[in-house]
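Shared between the two complexes below is subunit A, which has subunit B as its partner in the first and subunit C in the second.
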Partner chain A sequence: MTANTPSFSPDPTKRGLFGNIRKMRELTLILIIVGLFIVMSFASPYFLTWANMKAMLLSFSTEGIVVVGMTMLLIVGGIDLSVGAVMCLAMVMAAKLFVLGMNPWLASLSSIGICSIIGLIMGNCVTRIGMHHFIVTLAFMGIARGASMVITQGTPISLFSLPPEFKFVGQGTLWGVPFSIIIFFVVVIIADYLLRNATAFRKIFYTGSNERAAEFSGIRTKRIKIGVTVLSSTLCGLAGIIYMSKFGAATPNFGVGLELNIIAAAVIGGASLKGGEGTVFGAILGIALLSVVSSSLILLNVSVYWQDLIKGLILLAAVAIDHILHNRSVQQG
Partner chain B sequence: MSKLSILKRGLCGLSLTLAASLTLAEEAPSSGHDHGPFRCDPGETFYMNVMVSGVEYWFPVYEMMKQAAEQMGCDTVYTGTPEYDVNKQLASFEQILARDPAGILLHPMNPDPFIEPINRAAEMGIPVVTFAADSPNSDRVSFITSDNYQEGRYAADTIAEAMGGEGEYAVLENPGQDNHDRRISAFVERMESNWPNMELVARAASNQDPTRAYNAVLTMAQANPNLGAVFMPEANSALGAAQAAKELDSGIKVFNADVNAKILDMIKAGEIFGAVNPNQGIQGYMGMMMLYLAAHPEQIDPMNDYLRSGFNPMGVPFVDNGFSIVTADNADDFYWGDYLERRGTRGINE
Partner chain C sequence: MTRFDETVLELIGIEKAFGATRALRGVNFSLRKGEIHALAGENGAGKSTLMKIIDGIHQPDAGEIRVHGKATQIADPLAAQKMGIGLVHQEIALCPDVSVAENISMPMLNASKRWFVNFREIRRIARDAIKPLADIDPDARLHELSISNQQLVEIAKALTLNCDILIFDEPTAALTESETQALFRIMQQLKAEGISIIYISHRMAEIFEQCDRITVLRDGQYVCTENIADTSPDAIVGKMVGRELGELYPPKLSTLPESGEVLLDVQNYSDDRRFNDVSFRVHRGEIFGIAGLIGAGRSEVVKAICGLHKRTSGELTFLGRPAEIRNYQDSVALGIVYLSEDRKENGVFLDLPIAGNIAALDLEQVSNYGFINRRLEREQATELAQRLNLKYGRLEHPVSSLSGGNQQKVAIAKMLSVKPRLVIMDEPTRGIDVGAKSEIHRLTRELASQGVGVIVISSELPEIVGLCDRVMVMCEGRNNGIVSGDAINEDRLIRLASGMGQNIENSPAETTTQFRVQPAT
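Entry: the complex of A and B
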């Protein structure tokens, strides 16, 4: 259990505030993002405006909810390739139920519930049968996407008649702040707090660091893994409902390729693909970095043929710098 | 916008000829054929083959292929692979060949990998007509598609006219997909050549993702407060772009290519300004007719060297299926569900 102890847990009694900040795993990422902000504020007069900040927050807030679940899964030593497909399934199921006459709130809760059940099945496949998360979630990626195709018959479901109070979830604002951003912050703050402080959530780290040692110390690791998989799928369901409300439609190909972006964000934020490491705060910084880079390339009018290349290079550089500095800090104790 | 629906005439000559022939065929069976021309033998089956078979674009194509086939007493089968994978589509094509089809209406995912299978089909006497994407170096008998350049030009004219010939516009792209690239380049070229006061201020790759389109339009609008219009070559991005434009409430005109029920609803609600929509159903109808003629070349005796050269006399290398401009005034005519209901069919499920 000592091989990969959680990296975020500073002890104020030993290091002091500055020491704690300096030891924060996410410090490098914060500096990279701040650096990008400084460069961009000189490059484009529109970058450091509230409207642009809001646009960037909107751009990653809903995906950020999915990142929270993925981060916990990575920490526990798993991975979820089905996030985009499950999110899409939540969307089309709720849409179909609504079109068939169900109350949109009930339809949404039902489809989120189905997502949780999918997580439960996946978690059981991993823990009871002994299959790897990778292959189980790959299979469910196909199942969920296929189910979306069957439900929609390949055609987007238009939800023009959604009631305004339901559209508010994805389109409304509260005190000038988009409601979807508020949901995002609530989810992130709760998840980050629990992961840092709640005993039950700390077991995620122990399970991911050394599952056998965790079992010997009395942690029911199978339950932890199932629980985290259910949580991840449930958050995908929530994100799907927010998107449905935002766009007023459910398309069967929504979220294709999303899993790569989500995994990338979590890993950029410090989550380890080997398990046992990562923070929600870091993962959110990861997805924020992806968003800042995308937004910057558009503001700078970079050719679309160059955008993916430059984005890839910047991300590679960011992760490389982060890993080099992190490894150096680990070696220095 | 005064022109509500602009149907291009590229295929008129051919379609009128074939339609007239069909009418005559029902009235007077010709000699040299057991049951008259433009009739299939019992069990004569034509196949349609695509990649990503769940994509709604194919449904009208197959529906109208079926329409033409039923009129001629032919059977049809919808086949393909659900994946975006050329190897899997090639495998499904081979499976069709094993079933001794009368002809194949094919959307080849990539041109060159299909050269050998199409040529082999031709040697086996199985005609192949390509639609929406081509394999030009193969022995396919014909290719039917939309003129994406013309679609881009009409979209540019429609937007520029609506903006009084001056203002700022942006485009969302899907680099790497030929038909989308053609629409974008034609759109931009038309603006530059015919509308000198229309300024292209931003380009972004949304890659058919509503979320990326939404984010891109929000960002573009920050850098360009006077942004007046956004064009994109497909429907998915329009969902996100329109939502962003709605939230910005700055009157950005969203114009896209291709429609679905959601896009049509948004056009009717004024959230999307309009769309250019290829008449893809005609790809199926005319494709089926060309396949039939290619499979029954004895019905044609053209004044050329087909006998000496050994070519199939059904020698129409290219057909343009035309397109429509969809606005709030005519959007009701493009709902797929209503069309199926009106025709009393179940689309690709039968």
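Entry: the complex of A and C
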């Protein structure tokens, strides 16, 4: 063609102010959390105490394990509404098996295994039958919750005779740090590293960003989607077992409404419902922020009835800011 | 040269149908070692489908694929990759949220046995692959790049595969001249290394400069394979077209309408991305065609006219008065309606009843005091259905119960329900049967003779030639010339669409083809 054909848009390989929204996101979250800490330490003498720190960490550490799976699901373009119910099912089933006389470790492992199988079924419903993640996991939210109710007949199971080495998982401390927090850190650090560097986990981003492009590159995207669904359900199972050990009991209505908190945390942390975006680190900052906010509200003697409202506003603000910045960066090229 | 004797890829009698459409009918193709083999044909001739079969994205319904002389099946792109086949897609198939380096290395990462990604290594590989083409930061995320740079990434990605068969499906459509030259240098270098290349392009000049042999497809059928040295662009264009006008078109205007009343005057329309500085006029009573290759910006221009696509500059005069159309509602209020090229996505509500579809553009016509009056709705639908000769069971049936041609008639009826003064039809007969097609052609002419302005976009050249009184040919977002009357023939249109020649029309205002350099933002 003619030699002076102009390219219609300016070359945007130069990265502008908004080029690194994602890194900015994590930094922003850290700044907000630190800011909250500073403000709160003036507002309440109890806030900046080791006991309160530990309580806050404890409160979100086990949910944080569930957030890891949810983040990966969001990156691959999926979603999971069944996390709370599946977590509860693992707890209830392990408790029931233990009460029936099974070794608690074996009971826990088999319950986690059942959760993985639920994930496998959900993943296949999505990829082989072509159902939407939302519907499949909504159905399994009901199925898992219902199964918990059937198993327990609606009443909590108390586990007075749990052996101490099993109680250690949820209640013990190692060098003064609660063991469940250590599990949380191990899961998060490994997951974050894998998601950034491991070949298999990078395919989650490729599949979520443009499934066809991933397929054209030879990636078996169905396997990736199933794998992530299994992983998410398995992590829910692990979380359920930690809670069982922590409480020494299993209740069939545990974790009701948890999915909303988990999805909100992942989205505040930068995961996109469109897929292709998100980090474990960001999602953990997201759940930490939500947790710090609710802890602050309690210490400030704000009625608990305000909590959901404020969490909703935070979610709304985070996503709105994200879209506004994203639009601007697209307009800038 | 002896290396030309070895055949690396052979396709024999390939058949492929998508639903009722037979995309490929007994196509043969053979590729020799170390040659650049052009594949030519009009839009819809089956070129891309054939290439997707070679890359394992589609499976042939019948026929045989031989790779290095061995009959084989290519199950998916991974299998193709293992056989040394790489495809540069026409539409960019990359991950927007992922870095350039990872996009380029994606097939390699997928095939590698390593557990972890060595980012330093893939960055180096990406930089090496992209350097001969352009200066692109391997750490940039893909969506930050311009379309042409994304296309270069797509090419670089195929280059890293170490294929011995490489397919380029219209790689230069989005590239600038210097980028195109860089690509050709690489192609020649690969050829010298003994790699075989299949090259799809509409640009005859490129094909005759770069290729060794050429295979022509037409309507999904194999036409011929020639040595480039033994043929000419004219001969190839003739073979690409080479068919009789199968359908009868309604008679055209006997006098050219250029002296008639100007209905629509579009001046210097640009959106800075898909089209640039496009000007043209539509007169009362004529059918104005817009031709061009896919991606030339045809749909975008007309969508910008009726407020469905943004524009950054340009003026519009409708019926002698300047008009500012900010959205489609403005456009409909002025009497300009648009028939989408994608019927199922944007043209009709498949699950809603026929009558409801027809009334959807202006519900007030069939409403009293804000409530829809079913009797009025029926009357309107009955009248339009009769006029368009719509074949339907009951007006309450969903549109999905109709054949493709009748669905399209519903979409047209919806447009006509507002008594438009200018109708813009984007690929009005795509994918519909011959009978409905000629009915739509007749209706189009009828509308024009009633004084309604008509713009028809079509990728089907016989349709443009048979139907239109004047034709604007777009090439790479520009108006590459307007032809009228007897000057409209397929040969001329193909040349203009592929940027081969310019045609100057009488009125200079319409053929403004120089560029205005857009300020960088």
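Assume the second predicted complex is superposed on the first by the 278 of 333 C-alpha atoms of A that agree within 3 Å, B and C clash if a C-alpha of one lies under 4 Å from a C-alpha of the other, contacts with A are read in each partner's own complex, and residues count from 1 in each chain.
Heads up, the rule we're going with is that contacts are C-beta pairs under 8 Å (C-beta built on N, C-alpha and C of every residue); 3 or more make two chains touch, one makes a residue touch a chain.
Quick caveat, the model's predicted, so the values are computed rather than measured.
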{"item": "First (subunit B), second (subunit C), both or neither touched by A:294", "value": "first"}
{"item": "Which superposed partner A:59 touches (first subunit B, second subunit C, both, neither)", "value": "first"}
{"item": "First, second, both or neither for A:206, with subunit B first and subunit C second", "value": "second"}
{"item": "Which of subunit B and subunit C A:252 touches, first, second, both or neither", "value": "first"}
{"item": "Sites on subunit A touched by subunit C in the complex", "value": "1-13, 15, 19, 197-200, 202-203, 205-206, 208-210, 212-220, 276-277, 330, 332-333"}
{"item": "Footprint of subunit A on subunit B - complex, ascending", "value": "54-56, 59, 82, 173, 175, 201-205, 208-212, 214-216, 218-223, 236, 239-240, 243, 246-247, 260-262, 264-266, 269, 336-337, 347, 349"}
{"item": "Subunit C residues touching subunit A - in the complex, by the definition given at the top", "value": "55, 57, 76-78, 81, 87, 89, 93-98, 102-103, 106-107, 109-112, 114-117, 119, 135-137, 140, 143-149, 157, 176-177, 180, 203, 272-274, 276, 475-477, 499, 515, 517-518, 520-521"}
{"item": "Subunit A to subunit B touching residues, read off their complex", "value": "44, 46, 49, 51-52, 55-56, 58-59, 62-63, 146, 149, 153-160, 171, 243, 246-249, 251-254, 256-257, 291, 294-295, 298-299, 301, 303-305, 307-308"}
